[in-house]
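In the two complexes below, subunit A is the common chain; its partner is subunit B in one and subunit C in the other.
Up next, the complex of A and B:
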């Protein structure tokens, strides 16, 4: 389509865990700048493993990855990690500093952001996530919803080009879920979203990448995906289970659209 | 059950306002000089000094008392063992039972045990003013300024962090066990359940710490912890340190040259 080089390109990626589990069996994927990708698939299909290759936490046995034109190899890792903000599934694991403020500052400090700019970035990120009052709190004293938001602030402060979220709304109460969804939906970045929650995927992503058993099973538009009930069900995403969770969000017309399509089956 | 040594860091006291670097350095030297004490009377003096410093912090004494439980568990047995095992010297008083002649109780052993206990208590009490009067990370950062290697600093910081991982995993799992109506009894089933519990706890904690490490790498961590904190030592900080150094001098002098009691 476009002549521009892709922001992420994965070619024939294979990966085996040290214990012998073959987790990726030849993944090919290209993502353009500004795209929002829904990465779906059954548990254990390799989604989390795949995203950890993008910033070099794991290095494939075979294959090639480039991020923003840079091959993911040792000497580029620091630059690439500054380009990718990655929010892990369990926020408790993402918060390891003594206070929320320190956690939000951790990324920029590693990127050698200078003192003045650092403070501004941290303040901004905390403000965006509504955590100004909790800046000096130890993160283990926060509620789960607050931890999720704090974890998000820790990557906002890095000002990445690409943001990756692994199950951002799992185990959240409806109120925090709405807040997080809203924020992710409005971020001006290239986004990759792993989730079993169809409403959020639908609200954020235009493109769906389906993984199965360490391979990419299908790549399609969101419209095609949500009308393919069989595929939805196969990937544990049948929206009839989750329909009531759209209540209170400001996207009624989309919600209606989903329901209309569900009636046609 | 929280390992919150820094729970009272927000209080205000002369110890809290003391520059963390000078404070830690001075109190560590004090702790070493306490450990070198030979006379029980000096050991009592040390305990008095520790309690005095502790009182200055305004931290409730009950908080510090809890830390003594571990020392007592560790040193307590000395009171039983040392009177029975210390080699008799001239001038020792020895008690024995007429029917159990092999059981000789040497009162000097009791005195030795008391000295060890007093010194241990004095030192353990000092950890509260040392690390309980600043946020834990600031104390640790102070250690870095004192040229403690970065790898040790990180170990300290992360073991502190991992204690919370471990505890939250422990809480989650014991709740799950309660919900499934597990009630312990003296049988094989209970033993096996506890075994599984412990195994799972370790594996889960390990998996989680690995995930924490991945999250750190993702945010540009390169194996060196970059610490930004400005310490400023004022005249008052040096004054406080010199008071303690006078006490240290007093302890050593008294211990060497005072031959009384």
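Up next, the complex of A and C:
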């Protein structure tokens, strides 16, 4: 049997912040090309710290990481940053150009994409994120949800092999959440999603990596994860108190009504 | 006739950002009464956060008026208004700037000129409620997104405002802390305004819903009426039922 080499390999990774906070305590993880991974865990469990190691924003105190076979070390960073697109939790960290168009063009320009192809990529990314009308606006005048979509467009335009989304749906309205969920679900790349929004992860990811206190606590299928109440509770991820709402809006009954309504035409 | 005085009274409030083609707020009229718990919902860019910024005088009315506890919000009254209203910003990075988490929480209390014993007690209480006691000595900018959010909420709670406004309070929180916050909001007796897209949390914390679209309040009714109004929910992109698939996997019996 042919053994595929993983697109991401993390071995025994340790990291301590300058203030002494030990954030990663020996992380081991392999991710295969095309996988869609949910990275979950309590606030402060090390999720965002871990992914910032993948493109060398942070460098571990100990351990090894390879991305597409390349060790994450200084001399490979430029190549690796072309392979990994990262949408940060806070879009403010990502948007800094005079207009939304310029922000989306920034990455491909740095990758020396020629002018014709550049324009096409920017248009495509803006269109996908529903931002065509805002292309000429300064990013800082957008609402937070719009900024979030703009930040994602800046990654799409780079066409990376691996896309990492840190809380992609936070602050988005439900329509945008649904749109972005579908876009992410259909991207042909390896994807890592960090989120506390388990209903969204449920629709996008097949595999779940649970982090707890700087370590990987469990790796399992989404279906096993979502029905494991004990594990959910242990990791502060039991969101079922929110399911009360499903009773409040009499979900299936109305869904059926709406479907019937549209079928009758 | 209802003679009850409104705690918050907005009259024909309009506002446009510099260089914007459209008004961000377009003739808002609204009364909110003491002890109400009000959800503000609406699509991204509807003007929800802009409205919140007017309630504590961060933005000032370009036309119309904002009256809080019978005081008109204008530069001369800002100090009074800010003692009354606590606003938890959508983005905690906009709110946190002190060297440590403890100083973040103390900041508002020192400005309120509280005695040091009281400041100490309130910080302890707030840290306890928000589960951030272990973070008090850390710089806020070293915290995770969810931890920052909890510090930002704790800092406002410590000031015990009469009116508490929370802009996307559950964004970036893990479900455990979402549940803690939901229970906490329900236990607070102050007037509460919650801006969120998290309808399941709003459903559990608010009795009244204001629906904003394009800078206007297009509907003002009970939370249950809002949840029942499927046409409105669909029309304005607020239908979150695609997320219920997950609840269905966990609680199949509820969907039979």
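Going forward, the second predicted complex is superposed on the first by the 236 of 265 C-alpha atoms of A that agree within 3 Å, B and C clash if a C-alpha of one lies under 4 Å from a C-alpha of the other, contacts with A are read in each partner's own complex, and residues count from 1 in each chain.
Note that in this section a contact is a pair of C-beta atoms (placed from the backbone, for glycine too) under 8 Å apart; a residue touches a chain by one contact, two chains touch by 3 or more.
Keep in mind the model is a prediction, meaning the values are calculated, not measured.
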After superposition on the shared chain, which partner residues are touched by A:96: those of subunit B (first), subunit C (second), both, or neither? first
On the A-aligned overlay, A:150 touches which partner chain: subunit B = first, subunit C = second, or both, or neither? neither
In the overlaid three-chain picture, which partner chain does A:162 touch, first (subunit B) or second (subunit C), both, or neither? neither
Of the partners subunit B and subunit C, which touch A:52 in the superposed model: first, second, both, neither? first
Which holds for A:104: it touches subunit B only (first), subunit C only (second), both, or neither? neither
Could you look at A:84 and tell me whether it touches subunit B, subunit C, both or neither (first, second, both, neither)? first
Compare subunit B and subunit C by how many residues of subunit A each one touches, and report the one with more. C
So in the superposed three-chain picture, is A:193 touching just subunit B, just subunit C, both, or none of them (first/second/both/neither)? neither
Looking at A:171, would you say it contacts subunit B, subunit C, both, or neither? Reply first, second, both or neither. second
Partner chain(s) touched by A:115 [first = subunit B, second = subunit C, both, neither]: first
Intersection of subunit A residues contacting subunit B with those contacting subunit C? 90, 92
Using the touch definition up top, name the residues of subunit B that touch subunit A in the complex. 135-137, 158, 161, 164-165, 168, 208, 211-212, 214-222, 226, 228
Applying the document's contact rule, which stretches of subunit C touch subunit A when the two form their complex? 17, 19-20, 42-45, 49, 90-91, 93, 138-139, 142-147, 149-150, 168, 171-179, 182, 197-201, 203-204, 224, 227-228, 230, 234, 236-251, 254-255
Touching subunit B in the complex: which residues of subunit A? 52, 55, 57, 78, 81-82, 84-86, 88, 90, 92-94, 96-99, 102, 105-107, 109-111, 115, 118, 140, 154-155, 158
Subunit A contacts subunit C in the complex at 17, 19, 21, 41-44, 47-48, 89-90, 92, 141-146, 166-167, 170-178, 181, 196-200, 202-203, 223, 226-227, 229, 232, 236-249, 251-252, 254-255, 258
